[in-house]
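Naming follows writing order (A, B, C and D), and every chain is counted from residue 1.
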């Protein structure tokens, strides 16, 4: 496309031009700067480099205008690569194999009032342009401060599962490829969606049980199975967002106990042998996990847990100041990484030299060497107002 | 309404209850606090007190989610009385006699994309609830950083005039009472809307002229008249937002010259005898008006001009640090009021003891005694992220 | 999918007030579901990691003057996260948004369904049943953001989780702020 | 309403570049209307009233490292309001938003109509014609807010006013950020 639309010139700055030492300077640079082509829109690589992550900006002061920031953690000069709309308590998913991002959002015809529309939008990872939409019926999409496990993929990424809360609980099954809603599974008493096996999911229930559902080819429930008492919500509650290592979900409790779940089969089951992330001096009263995304994993399966020395009842969202690295095979802590500030979310890149990405409450994004814990760089508060989740595609 | 919907109790805090020194304390207060009635929504007085103003929050970081803040300038404890939606470069008007607020806004069906709808919403001043809507055709409503004179009343407040910019310029005439659009007046070359006479408006034109239009009973143009060269835009441009004293509009130029216009008749005409707000020591290079809403008036007709000591070409939106009070009858400055910080907008209340309201770039709202210039109080940054206009109903 | 009973409990004000610890435990133990939660918003954007200000910087207005009830029996600053009724609040305080500690700002609608917490009044030592209601239909107030999580539990137990947007039964689900109203006295119970 | 001619001028790149001061004055003197303006956003939320930082605090990222062209002939920090091409910009700098000094961020659409300014390159002393285009369809970038008003005039003269949202010819009018592209050299003219 050439610039063929109206453009207008102005004499505004001509006096400045005339006052400048043009003659002398032009001698050093005989040719003027080249003309630049317009219009021009940046395109991203179809496959994002392994230093790139997606950071969810909850945008507290305008929740209706939330965003997903595409961030190059290796680039302190221009870390922000683009924004994807994530409106009104949205959830976002990345399907790297398809080169697609999915957002599950809610809209009103008059911003804050009027007709409500819930929809999944399909975005192209290279252009960040929308390429499809699936309207969700019933105006029931769960609106929460963003948790990853309210919107998940199953059936090899062909389908998506969306949590509903009215406060009646259910899960909507969507065929992403066919761009249509398949159906809805009632899920009274259970929350969040942890994909299981080839086509199904598990949820954590209010009575401490784990409930697994398998889906048939039409997206209806084919079978279900409950495993009782997988957690003690009163005394040893598990944060709802686990670290995923293949089909193993590693959860951490408010007190720092690690519990694995095997999601490879049609029925999710707890792995035997929970263990502690350990303890340390200096707690006031004690070290506990704290933040919004408090546990994550690297490609080798090591776990990273965001820890606060101010741990007590109610401290679990206050953020942390260290990351403790734990080897779940050895059930032992292998490293303590001191952070630059009060941090709410962590993730580890899949680079050949993996990096720990830490989102501070201030909005600053800090990068550490995952193996040594050494501070590498800060990106500053340059990508999001309220970064609360970090996705590594 | 009684609280009849589901409510749920929890044992969360019972341990704290049990640990408290209940027995001793209860002796001092034999009766517990009374039960409070739910649901309950605050209602505002149908006629707002004279200390109340409306402050436009442009909300830079989410322009799509702009707001109008209702503010009690006399109340430093709870200055914010409520918010009215003012989405996407909105304009807002207050019709005190009808107890109505009007917002002219733009919406997209998917927040940032999809179908565009421009509309005026009618809000009740006591409830801040919407009570009507008039959809504006054509998707042409002018979107600018908010200027008061893009949306004005005429015909005794029965009609509204809305500026359009595509960039073709026109004015849409709306019957507020009948909730319908009457028509559109082409206005090539002229900007902003200054109501004139009983039913019409004037606009300032690119060639320095002033163009007046009278409207017939159907909202069509009945006649028009141009007055050439009312301003020298190159050398002595007038800020687009005047101080209104009755039907006289007092404009100030970038260099501090005051020019009045009589809008009482069907043809707006410049008043003879422009004059300067004066000069002062300490300019670097000189004192000039600076800010977004740089001139306003009190009920007695005195003018208040926001002044910056750093005046030069291009400084006119950088804000000011003093207010100079000018008596247009004497064409003389009567007071200099030093401000607490870099200020972008000023207005004067219609209280029996009028107050100068000053909105800082930081978001802080400061209150001064208009007669003496004495600082009275600051409301802090408690009502708006980006306060750029102050309306005194 | 009939494993769980559909438990959309309707607990009236009197029931909530009169609930003893034993019956509460029984109720929770029954796997009560389809339930409620405190309003919303997590992780307040706190300025420091120290425990002095763990619940958020009170929006951009940390230095605002206190909002007080004037009652000796209801002490504290209603614009502060530390006010006694806010023991489990999460969101913008309506006291700073045009409402009050127990009324929504004009232009909003109070969520008709709500979560109930129990907070201890330091003046009279009583445990009060507090109703946390969201005010809905106007965008984020932006003032006095607070997040206190004493007793908060993961979303697996909805009635104990404060991350939901509780603008559910309202005409619009757009969230503006949250109130904390006294709706009764909790009955003391032996531990 | 036929007093003004409908002047929706189509000035192509070559015409803009070749416009002499005399023809520009003639063009302006003709009361050229229906015209353009620089992107948008006024009054940047500057931190101090002093002239050291009059054009805004560069968003929340005042301490960000410089974005440089690497060309000696195009000096300066493209994330700074003081960069030479930004002599009349108003808005979020696309260089900080996923684009560059002359390209829009992915996901946006560049406004097809634009305003042209003239800025002097301090390296070669030449006056360049700069096209300020808005990037549209994604909400406020929120980074590197700048507002420079040298030569800005009130909305009475649209082509000289930078308060319009210039996302006009685009599919969506939602504003994200602004670019400043070199599209030619302004011809010098004797005063």
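One rule holds in what follows: a contact is a pair of C-beta atoms (placed from the backbone, for glycine too) under 8 Å apart; a residue touches a chain by one contact, two chains touch by 3 or more.
Computed from a predicted model, the values in this text were never measured in an experiment.
Here the chain-to-chain distance from chain C to chain D, counted in touching steps, is 2.
In terms of C-beta pairs in contact, the better-connected of the chain pairs B-C and A-C is B-C.
Of all chains, the one whose mean C-alpha position sits at the greatest distance from that of chain B is A. Taking each chain's centre as the average of its CA atoms, chain A and chain B sit 39 Å apart. If each chain is reduced to the centroid of its CA atoms, chain A and chain D end up 35 Å from each other. In whole angstrom, the spacing between the mean C-alpha positions of chain A and chain C is 27. In chain B, the residues that touch at least two other chains are 6, 61-62, 64-65, 85, 111-113, 167, 363, 385. Residue numbers of chain D whose C-beta contacts span two or more other chains: 8, 28, 32, 35-36, 113, 138-140, 142, 150-152, 159-160.
Touching chain D in their complex are the following residues of chain B: 60-64, 88-89, 106, 108, 111-113, 116, 142-145, 147, 165-169, 185-192, 203-209, 211, 213, 221, 224, 226, 231, 233-234, 237-240, 284, 291-292, 308, 310, 313-321, 341-342, 344, 361-363, 386, 388.
Touching chain A in their complex are the following residues of chain B: 6, 59, 61-62, 64-65, 85, 87, 105, 107, 109-113, 117, 119, 121, 130, 133, 167, 385. Chain D meets chain A in the complex at residues 8-13, 15-16, 19, 21, 24-25, 27-28, 32, 35-36, 59-61, 63-67, 71-74, 87-88, 95-100, 102-121, 123-129, 131, 133, 135, 138-143, 150-152, 159-160, 169, 176, 181-186, 188-191. For chain D in complex with chain B, the residues that touch the partner chain are 1, 3-8, 28-37, 40-51, 54-55, 113, 137-140, 142, 145, 147-160, 163-165, 167-168, 171-175.
Here chain B touches chain C in the complex through residues 3-18, 20-26, 28-29, 32-36, 38-44, 65, 67, 70, 76-78, 80-85, 123, 126-129, 363, 380-383, 385, going by the rule given at the top.
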